[in-house]
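This report concerns only the one structure given below.
Just so it is clear, A, B, C, D, E, F, G, H, I and J label the chains in written order, and each chain counts residues from 1 on its own.
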Amino acid sequence: MNRTTLTEQIIETRIRKGITWADVARELGTGKEWVTTACLGQMTFSKDQAEKVVAIFDLPVEAVAVLQSPPTRGLDAAAVASDPVILRLREIVTVYGPTIKELIHEEFGDGIMSAIDFRLRLDRREDPKGDRVELVLSGKYLAYPTV
Amino acid sequence: MNRTTLTEQIIETRIRKGITWADVARELGTGKEWVTTACLGQMTFSKDQAEKVVAIFDLPVEAVAVLQSPPTRGLDAAAVASDPVILRLREIVTVYGPTIKELIHEEFGDGIMSAIDFRLRLDRREDPKGDRVELVLSGKYLAYPTV
Amino acid sequence: MNRTTLTEQIIETRIRKGITWADVARELGTGKEWVTTACLGQMTFSKDQAEKVVAIFDLPVEAVAVLQSPPTRGLDAAAVASDPVILRLREIVTVYGPTIKELIHEEFGDGIMSAIDFRLRLDRREDPKGDRVELVLSGKYLAYPTV
Amino acid sequence: MNRTTLTEQIIETRIRKGITWADVARELGTGKEWVTTACLGQMTFSKDQAEKVVAIFDLPVEAVAVLQSPPTRGLDAAAVASDPVILRLREIVTVYGPTIKELIHEEFGDGIMSAIDFRLRLDRREDPKGDRVELVLSGKYLAYPTV
Amino acid sequence: MNRTTLTEQIIETRIRKGITWADVARELGTGKEWVTTACLGQMTFSKDQAEKVVAIFDLPVEAVAVLQSPPTRGLDAAAVASDPVILRLREIVTVYGPTIKELIHEEFGDGIMSAIDFRLRLDRREDPKGDRVELVLSGKYLAYPTV
Amino acid sequence: MNRTTLTEQIIETRIRKGITWADVARELGTGKEWVTTACLGQMTFSKDQAEKVVAIFDLPVEAVAVLQSPPTRGLDAAAVASDPVILRLREIVTVYGPTIKELIHEEFGDGIMSAIDFRLRLDRREDPKGDRVELVLSGKYLAYPTV
Amino acid sequence: MNRTTLTEQIIETRIRKGITWADVARELGTGKEWVTTACLGQMTFSKDQAEKVVAIFDLPVEAVAVLQSPPTRGLDAAAVASDPVILRLREIVTVYGPTIKELIHEEFGDGIMSAIDFRLRLDRREDPKGDRVELVLSGKYLAYPTV
Amino acid sequence: MNRTTLTEQIIETRIRKGITWADVARELGTGKEWVTTACLGQMTFSKDQAEKVVAIFDLPVEAVAVLQSPPTRGLDAAAVASDPVILRLREIVTVYGPTIKELIHEEFGDGIMSAIDFRLRLDRREDPKGDRVELVLSGKYLAYPTV
Amino acid sequence: MNRTTLTEQIIETRIRKGITWADVARELGTGKEWVTTACLGQMTFSKDQAEKVVAIFDLPVEAVAVLQSPPTRGLDAAAVASDPVILRLREIVTVYGPTIKELIHEEFGDGIMSAIDFRLRLDRREDPKGDRVELVLSGKYLAYPTV
Amino acid sequence: MNRTTLTEQIIETRIRKGITWADVARELGTGKEWVTTACLGQMTFSKDQAEKVVAIFDLPVEAVAVLQSPPTRGLDAAAVASDPVILRLREIVTVYGPTIKELIHEEFGDGIMSAIDFRLRLDRREDPKGDRVELVLSGKYLAYPTV
């Protein structure tokens, strides 16, 4: 039993029992974005959170310790690398990435947007020409040293 | 003279003359995100826009036709693939991509966020613990066929 | 049990029982192209469709929920990447892809053919010099933003 | 002067002079799909066709011989590998490729659709929900040996 | 049970029982090259052939259906990609491939040698300076369209 | 001036002057396969051969020394890696490679077919169902050490 | 003239004129590590620093603006990817990377060492068994969000 | 049972039993950096060390021999290649690697820092602006031959 | 049971029973280099050798046939591709490979050193500055055809 | 002018003037292996050596400084990666690499053969069955730390 096998169990149980990510977020008192990321094996749970996750997804009790240990990130993402949802995100980085680099430098100076001190929000925006997915990415600006 | 050489000239002239992307946006009456993306060779200009770009960046007059022709996208992005700003964006796709996939499916059904019918906004959010880069990505939801 | 293992079972059972894709399409009342794509793990079934698939291929009853959940696309395609049928399709993209790009731009403007709002049809065309495979690919035109 | 440099000249001259692919097709008396593919360096011109191409695009007279020599295919396609139009075609091969393989086998037996004895057609289909790009791919069926 | 597992069983049983490929060819009344290719999972057997293969290699009776179904080609070849016999064949394609391309064009025009309508023969040629492996590759010439 | 630039000049001059590979072979008194391979930069010419090649293709006199120096092989082959003629040869190695390995071992023992002590022949075989390309590959058998 | 060409000029001039990196650091009043990184095209100079660099390396006056603009990082590093000094650094990441990950988590919790808010120091440590290179890498600890 | 499976058991047991790497270091009387590297499968234990590791992590007694045998290094590192902690280390090699190369050459001459005769130290440095991770890498200088 | 699983068993049994490669060489009456290569799955054993290997490593009796069958080479080498011992060998090919090519051509003419008719010897050379590993690689010279 | 352009000039001049590597070695008083490696851009010359190289190959006088500066290694090797001489060396690493690893560990313990403190010798060994290339690789043994 390691984090990867727990993630697989969570994914399978969620579908079988018809649990929504919003349900899990409510149960743990966190945002739906964070809790989904954590359940997919990309974040560390606190003891309290881990116990609730074990209960919701019928995991073995030893999982409480594993869910509190920092995971190896990115493994499951590799498994979805050919999925069109992910391909669109990569294409956005390809087409708009240099723009984002230019505008961060113009607004802040020589530095980056952190991917660690970072929050994601996903919302539905109604639109008469077809509803839209809106992603808000917020990361701390980090500056390069100057001497 | 093709789009790639024009993009290089724009980049070099902008730095040499100290033009900001905000200046260019004001001049063309568009958002700074769109105009930067277009000047980096990823969007097609209208005739009017192309003439202004030629004037701002001292491009040869034949550039007006080239700038109105749909570009081959992604070429310049490849050139910045090793830059830490871009690497952070890719990492965000790796760590949060499966989350985005799950939440789109939970909120909308089986489909994706378009990368074509798509808008980007980049803002500075002041924060006492250090200012933050905020990216808003808005793309139309597109559903898969069901029969 | 996840979507990948169900796809493997469907493939093995179909051969063993001698079921044709046309049979499955008739049973579900859909096109043969869509149903084959879905059975190969690339589309989401409705509840009614999922129950019929479970019956046809002797799948366990829990499969009904899994088949209704959006799949991770492209996984099985990777497994056939060295097959000559797939290699020919890739070669067509290599040799004719830039042509398709040029003609979409000439006919519609700066945009793409959607791969989501998309339908496939495969027919046999009789020909005295040898019958031909005819593929019809129909995708919605999506335009890039212009400001 | 080789085929690659001629292709670059054709692309640049076409944009500068505002020639359409449909114009070129009319001039040469061929389909717009074949002539675009050939002008992009993927097909061999006859002597008569080569002379017309040289005239249309102001190429040097030595180009007549080069345009009649079989090209090395796929080189320019590599240059557009990151373009979203091409990425969608690749995604279609990934998601629908195994389906195409299955249905060719069901309809014809163990063989493939030729990419050489092959024709492409691209049309606009009007649609109230947004016009559609329609691609028709027609390739001869080739069977594998059976003993 | 799928084609891949059957191939593994055939390979292991052949070695354990000391069967030669020539034996199998004699039994099925085919060439040794075709039957070896088919037993390695790259060709489709007829019902009669499949039944003989099942008998020779002690396969389960359900294998008769699987062996008659078109395989996914190239999978096992990937497994031997680092073997020096295969490396030499690839090197021959690298060093002599452009020669073959030139001479096909000189002899036939703009087209290719088919890899589907194709036959292989392997013979031993005695030679005082050391015996030689002789491979004869025969494929139908396929021409590109000219308008 | 190095071997790569000489190869490019040979290729361009041959097309421009309408020289055939058979012409060159006759002039040098070698097989058409060897001389094409050598002119494409993959073989070393003798002094006498080099002088004839320089004369045929109008090369500078210093080329005589360069053509007699062993080349770096495979460079030009890389340039044609996406060409369908080459792709078919690679596919043949993928599909029939393991067969060739098995049959060499069955006929000769544990060893390989040399790619150095190697000869190629390409012929046209007339056939009522369409003429065929016939390649004969002959390489010395080399055995692995046994203690 | 862009940052890449300036970096090449700096590298060539430094060798030709026999300037040491320690000289440059003294001149600019910065650490030798930072100034070398900046001269190799990986950091942004201030106006004052840029003017000194232009003077030291005989660069054209327009270089002052280019050197103050945030660079695309990592480009030159790619050029040295096969060098043994770099290969040893990569091997250290391979062999000791998971250790570093474990010990950061044990000492700090779930987070990373920043590569932006980061300083490098390189010293010589005398040692009777052979002098040693000592690298000190200091990066700010950044924690992942916990809800 | 091989080294890879032992490493997996160590990782799982450590989390389940709440053992710290500092605990293991104390028990074996070594540095925490070396012992973590060794437990992750990258170093060879002495007999005495191996017996203690077997006791601490409840490994089978046959593990004592395996842990004393030189491992195949880098295997587990591959498994964490997508983790942000490792990505930052790689980025540091990309951005600062050429600097390290230059400064080794300036200080020592033409040679490298050994990755074998090498020691790692990881410490926490308190800092009012946020604590810092400090890595000290010490490797013997090795010179290239000069004649 | 195939050659790969036998190799794994040999590796594990050797460590568990404390057998040295020198022991195995003595038992079989071969060089330690050949026998190690063969036990690692890269050479074919004779019947007599295979029976001894089965006895030494407690392999099942069916292994005698498998060990006499030519293996697929290079598979296990792939598994050690990240190991520093192997990385140094690759680096030597990178840094000294072109030298070896030049000197073979200068000494012998246009040809190669065979990797099949090839012998390896590994010895320890005592040296006051630290003992040295000495590898002797001996391969037959093979010449390219000249007409 | 940088090291790469000097290497190209050396290679072209050597062929044009008919200089042998043995000549260069004699002139500089070094081994032919070292001097060839250095002339191919992989070693640093002393002042005295550099001046002789400049004289032999008619290089510009500024080359004296460049040839004394440590090079970026491996660049030219990449250019010959497809050459059969190099391919054989790589294959030897693939087939015999794990053997070398095992025997170094058996003879010396857990460590490697250095690729820096390393010497190469290439000799011709006469043999009635065909002369042989003999390579002697000698590298210092380096041990891993044990606590």
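Simple rule for what comes next: a contact is a pair of C-beta atoms (placed from the backbone, for glycine too) under 8 Å apart; a residue touches a chain by one contact, two chains touch by 3 or more.
As the structure is a computational prediction, the values presented were derived from the model and not from experiment.
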| item | value |
| --- | --- |
| Joint neighbours of chain H and chain D, given as chain labels | A, B |
| Equivalent interface positions on chain B and chain C, same or different at half | same |
| Centroid distance [mean C-alpha coordinates] between chain J and chain B, Å | 47 |
| Where chain I and chain J are represented by their mean Cα positions, the distance between them in whole Å | 23 |
| Centre distance in Å when chain G and chain I are each reduced to the mean of their C-alpha atoms | 41 |
| Multi-chain contact residues (two or more partners), chain E | 69, 72-74, 77-78, 80, 82-84, 91, 94-95, 101, 112, 114-116, 118 |
| Pairs of chains satisfying the touch condition | A-B, A-C, A-D, A-G, A-H, B-C, B-D, B-G, B-H, C-D, C-E, C-F, D-E, D-F, E-F, E-I, E-J, F-I, F-J, G-H, G-I, G-J, H-I, H-J, I-J |
| Of chain I, residues touching chain H in the complex | 8, 11-12, 15-16, 18, 79-84 |
| Of all residues in chain I, those that touch chain J in their complex | 20-22, 32-33, 36-37, 40, 42, 73-74, 76-78, 80, 83-86, 88-104, 106-108, 112-115, 118, 120, 122, 124-125, 127, 129-141 |
| Footprint of chain H on chain A - complex, ascending | 1-2, 62, 65-66, 69, 72-75, 77-78, 115-116 |
| Residue ranges of chain G in contact with chain A within the complex | 29-31, 34, 43-44, 46, 69-70, 72, 101, 105, 109-112, 114, 116-119, 142-147 |
| In the complex with chain B, residue positions of chain H that touch it | 82, 84, 87, 91, 94-95 |
